[in-house]
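First the structure, which I've put down as structure tokens, then a few questions once you've had a look.
Chains here go by letter, A, B, C and D, matching the order in which they are written, and residues are numbered from 1 within each.
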Amino acid sequence: MNGGISVAERDAVGLRRLFHAHPETAFTELWTSVAIAAELRRLGYRVRTGADAIDLSDVPALPGPRELARAADRARAWGADDDGLRAVRDGHTAVVAELDGGAPGPVTAVRIDIDALPLAESADPGHAPAREGFASRDPEAMHACGHDGHIAVGLELARRLAKGGFPGRIRLLFQPAEEGGRGARAMLGAGAVAAVDRLYALHLGVGLPVGEVAAGTCGFFANAKLRAVFTGRQAHAAHAPEEGRNALLAAAQAVLGLHALPRFAAADTRVNVGMLRAGTAPNIVAADAELRLELRATAGHVCDELERRARAVLDAAGAAHEVGVRTERIGAATTADCDPAAVRAIAAAARALPAVTRVHHAHRFGASDDATFLMRAVQEQGGQATYLVVGASSPAPHHSPAFDIDEACLGIAADVLERAIRTPEKEVP
Amino acid sequence: MNGGISVAERDAVGLRRLFHAHPETAFTELWTSVAIAAELRRLGYRVRTGADAIDLSDVPALPGPRELARAADRARAWGADDDGLRAVRDGHTAVVAELDGGAPGPVTAVRIDIDALPLAESADPGHAPAREGFASRDPEAMHACGHDGHIAVGLELARRLAKGGFPGRIRLLFQPAEEGGRGARAMLGAGAVAAVDRLYALHLGVGLPVGEVAAGTCGFFANAKLRAVFTGRQAHAAHAPEEGRNALLAAAQAVLGLHALPRFAAADTRVNVGMLRAGTAPNIVAADAELRLELRATAGHVCDELERRARAVLDAAGAAHEVGVRTERIGAATTADCDPAAVRAIAAAARALPAVTRVHHAHRFGASDDATFLMRAVQEQGGQATYLVVGASSPAPHHSPAFDIDEACLGIAADVLERAIRTPEKEVP
Amino acid sequence: MNGGISVAERDAVGLRRLFHAHPETAFTELWTSVAIAAELRRLGYRVRTGADAIDLSDVPALPGPRELARAADRARAWGADDDGLRAVRDGHTAVVAELDGGAPGPVTAVRIDIDALPLAESADPGHAPAREGFASRDPEAMHACGHDGHIAVGLELARRLAKGGFPGRIRLLFQPAEEGGRGARAMLGAGAVAAVDRLYALHLGVGLPVGEVAAGTCGFFANAKLRAVFTGRQAHAAHAPEEGRNALLAAAQAVLGLHALPRFAAADTRVNVGMLRAGTAPNIVAADAELRLELRATAGHVCDELERRARAVLDAAGAAHEVGVRTERIGAATTADCDPAAVRAIAAAARALPAVTRVHHAHRFGASDDATFLMRAVQEQGGQATYLVVGASSPAPHHSPAFDIDEACLGIAADVLERAIRTPEKEVP
Amino acid sequence: MNGGISVAERDAVGLRRLFHAHPETAFTELWTSVAIAAELRRLGYRVRTGADAIDLSDVPALPGPRELARAADRARAWGADDDGLRAVRDGHTAVVAELDGGAPGPVTAVRIDIDALPLAESADPGHAPAREGFASRDPEAMHACGHDGHIAVGLELARRLAKGGFPGRIRLLFQPAEEGGRGARAMLGAGAVAAVDRLYALHLGVGLPVGEVAAGTCGFFANAKLRAVFTGRQAHAAHAPEEGRNALLAAAQAVLGLHALPRFAAADTRVNVGMLRAGTAPNIVAADAELRLELRATAGHVCDELERRARAVLDAAGAAHEVGVRTERIGAATTADCDPAAVRAIAAAARALPAVTRVHHAHRFGASDDATFLMRAVQEQGGQATYLVVGASSPAPHHSPAFDIDEACLGIAADVLERAIRTPEKEVP
């Protein structure tokens, strides 16, 4: 099996490279989660997969049967076994693993996101994965946000804790579909943070150099991802253009209207139409168009207002051209605040490490992560959460074809988390 | 083999239904041309296929290896044999068939276009192919312009003439890729009209009811089909939107600028952006966009001017957003005039038929057809040409999912052409 | 007084130059109509002005009090007397003059439009009015459509007929506000064509050289002119951009949507947004915008459909930006056919003149004129009408700053009309 | 004279109402500066006006002769005397007044901006100026940013200091054209801050309630204001639309492209096209368009980058439609930091006042002010500067028709400034 010997024998760097070479996008992380689950079972964790790990009933825009079938073929080609694939089928790609530390203490969860992005990796020899031979084996996907490193840190941490000897209980949440903002809420629906007292959500990179650690994060963007489908009427572009109702034109007009949504004084905002598909041939008035966009704001109510206005723009673009428009949310994230106690615990662990040169308490995140839903859920049941960032000296921005991490970050991240988990709350300085 | 017994045993209506069920788009007419070539060989014609029938060296935007491989798989699944497929490989889907009539006379060519359109056929029970069980077997393609009927008429005519007994020589030109305007010029390159004295280009439908025949056509649109590729720079839509160069936005702005190109007093014009593909995910500033468009005008110089302006709009849309733009022609048609002698010959043949209730001499076409290139080539070598239309009482416009033909048109078309070919020039009234 | 000696003493060329130098736009033709009325009274015509000549009650978008006051000041500065100005106040700038010919016969009306355009005249020495010293004395207006010549022909004709000796009765309709399409319907409302048996509407130029006369015209565009007012909400562009509702942005989006309205296969069409005013200062989100546009089609129902779609585009542009939109018609023209009897009468008169080298029966007009409303009204009461064009060898297009006429056209036009009016119907060859 | 008795006899509230009723926009503050200069001379200040107060040689887009003549007529109608008007002619509307305190000490300058905005004031009875009878007497201008109050505070301060008895010297800078960002740099050119050690720039309102004072301000937006002029080619919209080059359409496309400029992660930004004028009539393809816009960013280099991209968008919009584009800067502001010593001095003065309930040290400004150029100039010559805000409980946003101030702010502002000026530096706590 893919995860079998090769996973077990690899160290954190080896794991990162293995997963880097096998990127899978949201809800198609089949090979990935089969490998993760196998390794965690080998280590003795209680592992939940399938519907026990994630509830997909309210998830919008899941991959269709064709895409899932292609993903299964690919995973099989990469060595995933059929038993493993059965367990994660239909997009059930979350893995939850739990272990008792053998001493009284809190339930601590660590959130590890596992999905890749639909973009082509750089083949430039200056790009380490290309040069070193562990670049993506799928020309249409890439781990361009460091989740490959997250998995490596998660499994490394699992190994270190596998023999127990820490207070309370550890729960590892390997989450699919962070990109797009759908996985966290679906895992909440399957009880991901039930009884959790403390949540650590990890991210590598985010602008920090290796050696710097942010024990807490601020400046999350609330996020709404939308899909809009325009339905017009086809016509021959020369014989009867007036018979058509041009969905492509309506979509193009919507794009301009959306990007012209106002900046807000009340919050920092973002608008991006990131995908557009319309029409089939130059001589046919296009009857169909689809666009995907996201709206972000550093305040939740501003994000809501942006979404309201974006829907008005979309509806109006349809109305202008007598084209129907249907808009649905396909993802979301919220804002969240890090709890001082959780920040202190990570900061103390980080400061104790010689490799850590600087510790931040409130790093500006400047993006979105649906871990915020998990953080809020833990906080609502009385627990504490923080979102920690471990510097990775990335040479190119997240989500770009040349994104990479300095692998020294892997050990630091595992060290920080292990130490924070092993240190009893009352001993945190 | 697909063409084997089933083609040979079917009458014109049966042939039309067979080809209707097996639509293949431009340069992937594999099953289609294999079937046509086999039948023509069976009938005793000298048949040219592959590079002997068509020269693809200057053809833009041919289907890529993946699309051709899928087309071959589909053709095989539909029964095409490997020998046949080898002959038409790499997009060489034209078939040229020739036969001597056994008496002195001119070389007469008949142009039969064979490609389908990339659109989904109506499943409405009011749509005869759906109701009668011969609807398209490919959910993404449809014979929505009557070329299925053209093939049926072409093969029926081939049968009737197979025993000879007519003046001169007949050459049947089964042409791929009329939609998009690429096949005719490519066949010219392989000598399609060499030595041709008279060309008949046939179209069914075009707004006429069954029983009416247009012996000549006017109002052709010159046509330029363009593909524009925008190349920007990818970026994370929240972290660093200013690092991106938004190809999707540039393409959307181009769409509006193109559709706002002025109307001309000097000619009737058309503009249509019929396809747009851009970006991959809502949280990535899109680095790539492609659009396909066409420009038409009832005067060639106006079409040239429209193309010039369209390229300015495309370049400027890129410049506005610092995105590169590459624009190339992917198809063209020109205008053409029908020759009185050729019109008279068809008109005389039509008037002689009891089923023909009305004969037009100059039907307004209002669209484009790259048969105009063949017509011009024949005229330049001293021959005559006409573009004849045989009414088909279509219930829905060409290129729409409910397009259909009244099959009574098939016999009329074959009768008109047979009679015109059999009648010596000097006996035309 | 302006009309006094100077008008009376000038010949047709002198009159044309006088009126050319004093252009006044729609419903501000104060100096113009005072001069016309004075001259016609001097010649002995029964003259109607004010509310007896035109009913403004349903006319949209009349000039406001400030503009009318400015126009009166200008007219006074140009020499108009107060009595005359009182008669034409509030936009009542039509003049209707009638005279009996002294013999039995039909009531013949001649339509003469008198308004200028809001554009700056060319100062190029190659432009005759600039070179010869009779260019516009108002930097914001110009007779760029030949109406100065129409007035000259109308007054020259009035003089020639002043002594009677022709069958029936002549009625001269000096009409304001042809540009914009509002004057003709308003004059109809005051009985302009009551009892009229025959209507001649004259135009100079329209692409014909001097010496050619079109006795009839085809290809009128039906026309709808609209004004759209957008009302948003003002805001400080830095402090609170989100508080604004951007009327300027909505208007700009409407402009693109309108120019992207489809071409029609069913008719030749035109779309033009010709004026846009929005906002006040760069640091204020604009709360107000106004645009003026026109839609044309060679078929009335297509013009109606274009107007319907244009209103949808306008409403949607407002909806996209939460800006109110109010759209109203500010002008219109329809299509009309010329009656053969009227065409024959003009053609016969033209052919009889040595200066006329060629006579057309159905010149393609390719524009709009609200004379079509008068023509239809005459036809509905059983009369006949034609729209005649007298060639003027214009060196630049109508409505352009260098438009001019070859003044030889003036005598030809007067000759044609005089002869047609003097010739009894039964003597027309 | 206007400034004569009425100004001299009015208290701060009376002054504010007087200036509120007589708003004048950038560089047309004729009545305003005549009144200010007269009062300051009456009080014994050394007063500089005309070219001694401001250098207009590099100022873009000054009002033209017609607008200046209209402004002079209005000022005369409001009571300005001809001598006063001569002194401020051609846009020289700055007033600089200086007085020695009679004791050793620094040169302290106070910046008072005096211009109004081109917008119509609310007539709602809920709006105090409308209710109390001191609303704007010009329907097209309004003091909607509190500069009327600034003038009142400036003159009140001038009176209190007129008898001397303070350390150093006071210089009052009454600055025109703050809106649009042109006055400050022009005054710098005439030596406005020569020898100044300390600069206080005052603003009322800015979101603070009466009783709160901000001794320092942060979050200035750097600002670039642009005017773009599009020059196309006129044509008749029906006869020959293709002959036109549509400047209105190009401008509309530019508007959408500009509002779609990306948000930046590196700084908060603003984009606003606030004015657009294009074309003359619906039936003429518009040859001319002008738009005015502004770009802002909380970092100067981002503002520069935004301007660079905006120019690319403008040029490209012209190129798309073959229309010429000329873009020029018509105003600018920069960012600036307040100096701690200056902030402390104002804070100490404010805290000493019973009417002041709260003192801020770094109020977020969120807009632009060209006082930043004065601040930087003072800092570059070794002085200190701060931008203080005195709360005014405004019921509506700055630049909106219902903007107003609670007049209690006037006394507080005068008190704070007087006390800060009278307190020797070494006594500031």
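Going forward, a contact is a pair of C-beta atoms (placed from the backbone, for glycine too) under 8 Å apart; a residue touches a chain by one contact, two chains touch by 3 or more.
This is a predicted model, so every value here is computed, not measured.
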Joint neighbours of subunit C and subunit B, given as chain labels: A, D
Between the pairs C-D and A-D, the one where more C-beta pairs touch: C-D
Inter-chain centre distance, subunit B versus subunit D - centres from mean C-alpha coordinates, in Å: 66
Interchain centroid distance [CA atoms averaged], subunit A/subunit D, Å: 48
Shared-contact residues (touching 2 or more other chains) in subunit C: 238-241, 249, 253, 256, 259-260, 263, 265, 270, 285, 366
Complex contacts: residues of subunit C adjacent to subunit A: 238-242, 244, 246, 249, 253, 256-257, 260, 262-266, 285, 302, 305, 309, 312-313, 315-322
Contacting residues of subunit D [partner subunit C, same complex]: 117-119, 179-180, 207, 221, 223, 225-226, 234-241, 243, 248-249, 251-253, 255-256, 259, 270, 272-286, 289, 292-294, 296, 330-331, 366-368, 397-401
Subunit D partner contacts - residues on subunit A that touch it in the complex: 256, 259-260, 263, 265, 268-271, 366
